[in-house]
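Some structures are shown below for you to check.
The following pair of complexes shares a single chain, chain A, combined with chain B in the former and chain C in the latter.
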Partner chain A sequence: MKGRLAAAFATGVSIPMIAAMAALPRHGSPDQPIHTHVARHYIEQAPESANLVTQVLLDYRGMDTFGEVVVIFAALVAVLVLRARGERPLPAPSPSPIVGFIVRLVTPFFALFAFHVILTGHEAPGGGLQGAAILGGLVLMNGIVFGPERARAFLPTRALPWLQGAGPLAFLAAGILGGITTGFALGYPAHLPVLHEAMLVGVELGIGIGGAVIFSRLYLAMEA
Partner chain B sequence: MSPLLENLDYVATTILFCIGLWTLIADSNLIKKVMGLNIMETAVFAFIVTSGMIEGGDAPITGPGAELPFMSPIPHALVLTGIVVAVSTTAVALALLLRVHREHGTLDIDELRGRW
Partner chain C sequence: MNELFDLVLLGLLVLTALAVARSRDLAGAAILFAAYSLTLCLLWQHRGAPDVALTEAAVGAGVTTFLFLVVIARTSE
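And now, the complex of A and B:
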């Protein structure tokens, strides 16, 4: 009964939404408003070789991304507070030899690919968050196959508090550096190409490593 | 062609959204409610990314071999931010559910309601 009522409600909601979708500009046509406003400006002003998605993420909408890394950091804090006491650890699983061997085999290549994605993200497909997802997935994969202790071994204990906050800290540093060199918070100095590159890579590394540590910690907080 | 068929991609995301909404309302298991919320989020992300497409367009990465028109980079950047926020809310929701399960031994909303 409850299920049918809910299904009827969802169907009822879908009808005006589908009608609205039919009234939208034709999908894939280049004269939609989404392509004719700021997006055109971003594409016209684009540097020689750049990933425009990362450009928008770190440069034009740097404040958004700053907020986003703070949000995920806050989520980690909330999860750790909720899961603080009285947990009993699960017994470590015993993986089949094939699964164990394959996971051990791919782990270094996985990590290498993650760092490639993070470091080349400002001019090729990739970026900090994508690399963070790959690195975090690597830790999760090891944790699922070999048990949470193995996943915990990936995280350096002493640097952990700093690594968890690496995303917001890197953004803060880039924001202050940009403020000194260009006069705008989170401005990237175009007249100092080396510093410009270093700031982009630094922010990407901060988001990538900080995000990966946060994803791993979220998983470990749920697990044990 | 009718406008509904031309915008079939948008219609598909709407249907996915409503499936998520239905799961969110109808299921009494709290984990499945979180899953329904995630399906709704995915549908919204798919809708926003789809809106940035251009027929025959290139990925918005400049360099040798890249040709205009580019797809709009803004929806991609927005959705990337959105995905991270979705992950954060899901993590907090799951941690809360683990706490509820530890305190009450169940995740069924009807059983929980009986205990209040």
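And now, the complex of A and C:
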């Protein structure tokens, strides 16, 4: 009975959705609204050789992204508040030699790729959040295979409070710098290319490292 | 050819989704869900959205799977 109800509900929801999708303009057709409205303006106004997606995320809609970074930070704070301390930690697992060897082998390449994704994010696909997920996944993978102590060893203890807020802090710094140089909060100074580049990379690095620390701490909060 | 590749990926997507729903083993379901995310990632990439594809691979197949596995390990002691 319950299963049939669920199936009927799923069918009832998906038929209008499929019908709506069939009514969408053809994929890639040039006269649909997203290609004739603001997108053209973004493409014409963007600096050359830039990744448009990141430009929109960090520049045109920088305030939105700032809010998202704060939300992720708030999620960590909420989990840390909810999660009582002092529970007994799980015994460290004993990984099979093959799994242990492979995880040790890929760890440095994983980290290198994560920083590549973070640092080239403003010009190529990728960016802070993707790099953060890769770095955080690296810490989680080591934690699952070798035990939470190994994951904790990746995090610098003293800089931790600052690092987990790195995303919002980097955004704040970029916002203030932009305010001084362009007169708009979160404005990026096009007339100072070096500073412009440094601000973009700084924000991406802040989101990347801050996000990775937050992912790792969410995991550690569950583990111990 | 392009459309055919999309159709194959969409078919795989539906298959993996059904496999996740039907799986009795929680850890197995988490791994199947990672396969679902990877298929979706290929689909994004093929439809010309590399940024979304990278996010899907890193967050969907990576971090989420690890977090699922940790929760399953913690709750089935």
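Going forward, the second predicted complex is superposed on the first by the 222 of 224 C-alpha atoms of A that agree within 3 Å, B and C clash if a C-alpha of one lies under 4 Å from a C-alpha of the other, contacts with A are read in each partner's own complex, and residues count from 1 in each chain.
Here, contacts are C-beta pairs under 8 Å (C-beta built on N, C-alpha and C of every residue); 3 or more make two chains touch, one makes a residue touch a chain.
Just so you know, these numbers come straight off a predicted model, no measurement behind them.
Because the two structures share chain A, they can be overlaid on it, and in that overlay chain B and chain C fit beside each other without clashing. In the superposed pair of complexes, A:203 makes contact with neither chain B nor chain C.
In the superposition on chain A, A:141 contacts chain C only, with no contact to chain B.
Of the two partner chains placed around the shared chain by superposition, chain B and chain C are both touched by A:218. With both structures placed on the common chain, the touch criterion links A:125 to chain B and to chain C. Look at A:9: by the touch rule set out above, it reaches chain B but stays clear of chain C. Legend: residue contacts after superposition of the two complexes on their common chain; A:79 is shown touching chain B, with no touch to chain C.
Applying the stated contact rule after C-alpha superposition, one finds that A:27 touches each of chain B and chain C. Counting the residues of chain A that each partner touches, chain B and chain C differ, and the larger count belongs to B.
Judged by the touch definition given at the top, the superposed model places A:53 against both chain B and chain C. With chain A used as the common frame, chain B approaches chain C to a shortest CA-CA distance of 5 Å. Residues 27, 51, 53, 125, 127, 129, 215, 218, 222 of chain A touch chain B in one complex and chain C in the other.
Residues of chain A touching chain B in their complex: 2-3, 6-7, 9-11, 13-14, 17-18, 21-24, 26-30, 32, 34-35, 38-39, 42-43, 46-53, 55-57, 61, 64-65, 68-69, 71-72, 74-76, 78-79, 82-83, 86, 123-125, 127, 129, 211, 215, 218, 221-222. On the chain C side of its complex with chain A, the touching residues are 47, 50-51, 53-55, 58-59, 62-63, 66-67, 69-71, 73-74.
Residues 27, 51, 53-54, 90, 117, 125-127, 129-131, 133-134, 136-137, 140-141, 143-144, 215, 218-219, 222-223 of chain A touch chain C in their complex.
Those residues of chain B whose C-beta lies close enough to touch chain A in the complex are 2-4, 6-11, 14-15, 17-19, 21-22, 25-26, 50-55, 57, 59-64, 68-70, 72-77, 80-81, 83-85, 87-89, 91-92, 94-96, 98-99, 102.
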